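There are two complexes below, and they share subunit A, which is joined by subunit B in the first and by subunit C in the second.
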Partner chain A sequence: MERIPILRMGRFLIVSIQVDMHDRLALTLQADLAARITETGAHGVLLDISSLEVVDSFIGRMISNVAATSRVLDAETVVVGIQPAVAITLVELGLSLPGVRTALNVEKGMAMLRQATVHLDHAADLDSDTLSESPDGSAAM
Partner chain B sequence: MADTSRAVRSDSGRIARVLEQDSSELLDAWVAAQSGVLSLRGSISPNELRAQSREFISLLQKAAANNPAGVTGPGWEDVRAFLADLSSSRAIQGFSPGETATFVFSLKEPLFKRLRRAADSDADVLATDIWNATLMLDELGLYTTDVYLKSREELVSRQQQDLLELSTPVVKLWDGILALPMVGTLDSNRTQIAMESLLQRIVETGSDVAILDITGVPTVDTLTAQHLLKTVNAVHLMGAECIISGIRPQIAQTIVHLGVDLEGVVTKASLADAFRTALQRTGRSVVRATAPAAPTNERDRA
Partner chain C sequence: MAVLRCETMPVRSQQDVVAVRQRVRSLAVAQGLSLVDQTKIVTAASELARNTLDHGGGGTARLEAVSDNGRAGLRLTFEDRGPGIADIALAMTDGYTTGHGLGLGLGGAKRLSNDFDLWSRTGEGTRVTITRWK
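Here is the complex of A and B:
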């Protein structure tokens, strides 16, 4: 069955949607992502939807569900690369994704995730492959 | 319509004869009647008016003599084309629809007078003639009004289009800071276009902050506020921050009275304040480079 890959990068998970979303795929992604977050103990999820040209209310709700699920599992979620047309559609559908962080592109999204999880740098139980951050935690918002 | 055509057909020949025989006398009387009404405007010269009137009488005479069918039928194309030209040019000159239609209707009095003379106190003939002439002139007058309205509508829609194109410039204030100065009433159509061009520019420039300046928006009602909120939400979804600026005191009061919820939206009184905030958010600050006497640097003025 078709699946959307979930990549691990340090303490973050990266999901890049490169195909047309359909409902089954969205549900599978939700389940897979929740499983992976628990499995890896990731602290952040980056959802790249820059290739998504068409959204409907279901996909919109899926995005906000993914974010809510991740938050419950203690992982920050940033949705990046929403196209103008998609943004307008979501707003017209009344889905303004409250509580979901957004960023313009992957780079800014990663920066946002790092900043949001910078306080975890000092924690002892981090994996050895964690991205290095400056020990100065004063930049945290 | 069929009845009208028949009625005109039966006796339009007589009307045409009257128009031909007394044309110069009729012209004088008609022009006099018209200038009585049009004198208020003065944007059309007496010579021009006379030339137009003369042309109309001769066209009308030709059409009535040779083409007995109704005004909307074949053979009247010249008359209709002439009236179309006339009314669209008058619409542009700023005449009212009433004044434009008067061009045709004012022909009635002088024409009826001459018809009466031609009828030679035969009441039946006179009644028929006047009825036919009335039908003919009424139809032509209404046609004039139709064309007038059509050309006005074209004018309005063209101006609307111009306005739409003029009203949505997205300007770059600084690296990563865009501004969208909104001018005029915000309807769904305009907001949509403005939103699209703003979002597109955010993608192109990779901007972090967008300032929505509504200094030029005269009134804000619930619908307008909803449009603004939609734009703000869309900008947020794109991953940029949106600041609304240029809210005038009355508008601020209206927003509160209407109970519009601007919670979570950053609002600033002036564009300068919004720009300062935007600079701060992108990790910059405004400092004075020299002594206060000579503010030469652009950052200084900001």
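Here is the complex of A and C:
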């Protein structure tokens, strides 16, 4: 069965849609992403749609659903690379993707995800500090 | 208005919807539409083709390269023999849906086109024609 690949990079999942998706493929991606977030405990999803020349209401809904589902599963979604003509068309169509974070490109999107999950770094640092500073080598509390 | 070229495609599966999108794109390019106008008519075509498939039970798409007083355009007609639309005004309302979309299909397709014409009769079918001019 045809599928859009989902790559894992650290605590993030990365998806780059490179094909003109039919509706079922979009629904499969939505389900696959939710499963991968749960399975990996990922805290962020980067959705690159720079290759998409058309985002109609169905794909738009898929994007909104991915963002909403990820949020419920404790992961942030950033959609990157929306082409200018696609952005203009989306708005005229009546879709402004409310509640979906966007960034111009993959680099900015990754920075946004790191920023959104920076508290997780602090939490990890605190844990390791506690361990290393414990005088007898045992974890405090 | 002169029709320079006319072709008909089936709209019977989700793959057909993708094929219609791609064919509309190449005709829009050939007619010299700007990138934004190409994207608008391809998106409108996608909405209408999905309606033909999901609500009309399948049908056809007629793609016509047209010219009016030297102005180039692309006219698309989506036709099905499905149940028809009982309340056209309601169907045109944003947010109203009987299917799986966002209910932006008809209203959205109208906004994305220069000309829009909808014919529907309960029990007979639906025909939507849109045109985007250069």
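Methods note: the second predicted complex is superposed on the first by the 123 of 141 C-alpha atoms of A that agree within 3 Å, B and C clash if a C-alpha of one lies under 4 Å from a C-alpha of the other, contacts with A are read in each partner's own complex, and residues count from 1 in each chain.
We take it that contacts are C-beta pairs under 8 Å (C-beta built on N, C-alpha and C of every residue); 3 or more make two chains touch, one makes a residue touch a chain.
Everything numeric in this text was worked out from a predicted model, so none of it was measured.
Trainee: Looking at A:V80 after the superposition, I want to know if it touches subunit B, subunit C, both of them or none. Which is it: first, second, both, neither?
Mentor: first
Trainee: For A:V118, using the defined touch cut-off, is the partner it touches subunit B, subunit C, both, or neither? Pick first, second, both or neither.
Mentor: After superposing on A, A:V118 lies clear of both subunit B and subunit C.
Trainee: Taking the superposition as given, does A:E53 touch the first partner, subunit B, the second, subunit C, both, or neither?
Mentor: A:E53: touches subunit C, not subunit B.
Trainee: Kindly classify A:E92 by the partners it touches after superposition: subunit B alone (first), subunit C alone (second), both, or neither?
Mentor: Touch partners of A:E92: subunit B and subunit C.
Trainee: Look at A:M110 in the shared chain and tell me whether it touches subunit B only, subunit C only, both, or neither; answer first, second, both or neither.
Mentor: It touches nothing on subunit B or subunit C.
Trainee: Report for A:V66: first if it touches subunit B alone, second if subunit C alone, otherwise both or neither.
Mentor: Neither subunit B nor subunit C is touched by A:V66.
Trainee: With both complexes overlaid on chain A, does A:D20 touch subunit B (first), subunit C (second), both or neither?
Mentor: second
Trainee: Should A:L29 be classified as contacting the first partner (subunit B), the second (subunit C), both, or neither?
Mentor: neither
Trainee: Would you mind listing the overlap between the subunit B footprint and the subunit C footprint on subunit A?
Mentor: In the superposed arrangement, which is not itself an observed complex, subunit A uses residues 83-84, 86, 88, 92 for both subunit B and subunit C.
Trainee: Applying the document's contact rule, which stretches of subunit A touch subunit B when the two form their complex?
Mentor: 79-84, 86-88, 90-92, 96-97, 102-105, 108-109
Trainee: With touch defined as at the start, can you tell me which subunit C residues reach subunit A in the complex?
Mentor: Within the complex, subunit C touches subunit A at residues 14-15, 17-18, 21-22, 25, 35-36, 38-40, 42-43, 46-47, 50, 94, 100-102, 104-105, 107-108, 111-112.
Trainee: With touch defined as at the start, can you tell me which subunit A residues reach subunit C in the complex?
Mentor: Going by the criterion above, the answer is residues 20-24, 53-58, 60-61, 83-86, 88-89, 92-95.
Trainee: In the complex formed with subunit A, which residues of subunit B make contact?
Mentor: Touching subunit A from subunit B are residues 192, 195-196, 199-200, 202-203, 206-208, 230, 233-240.
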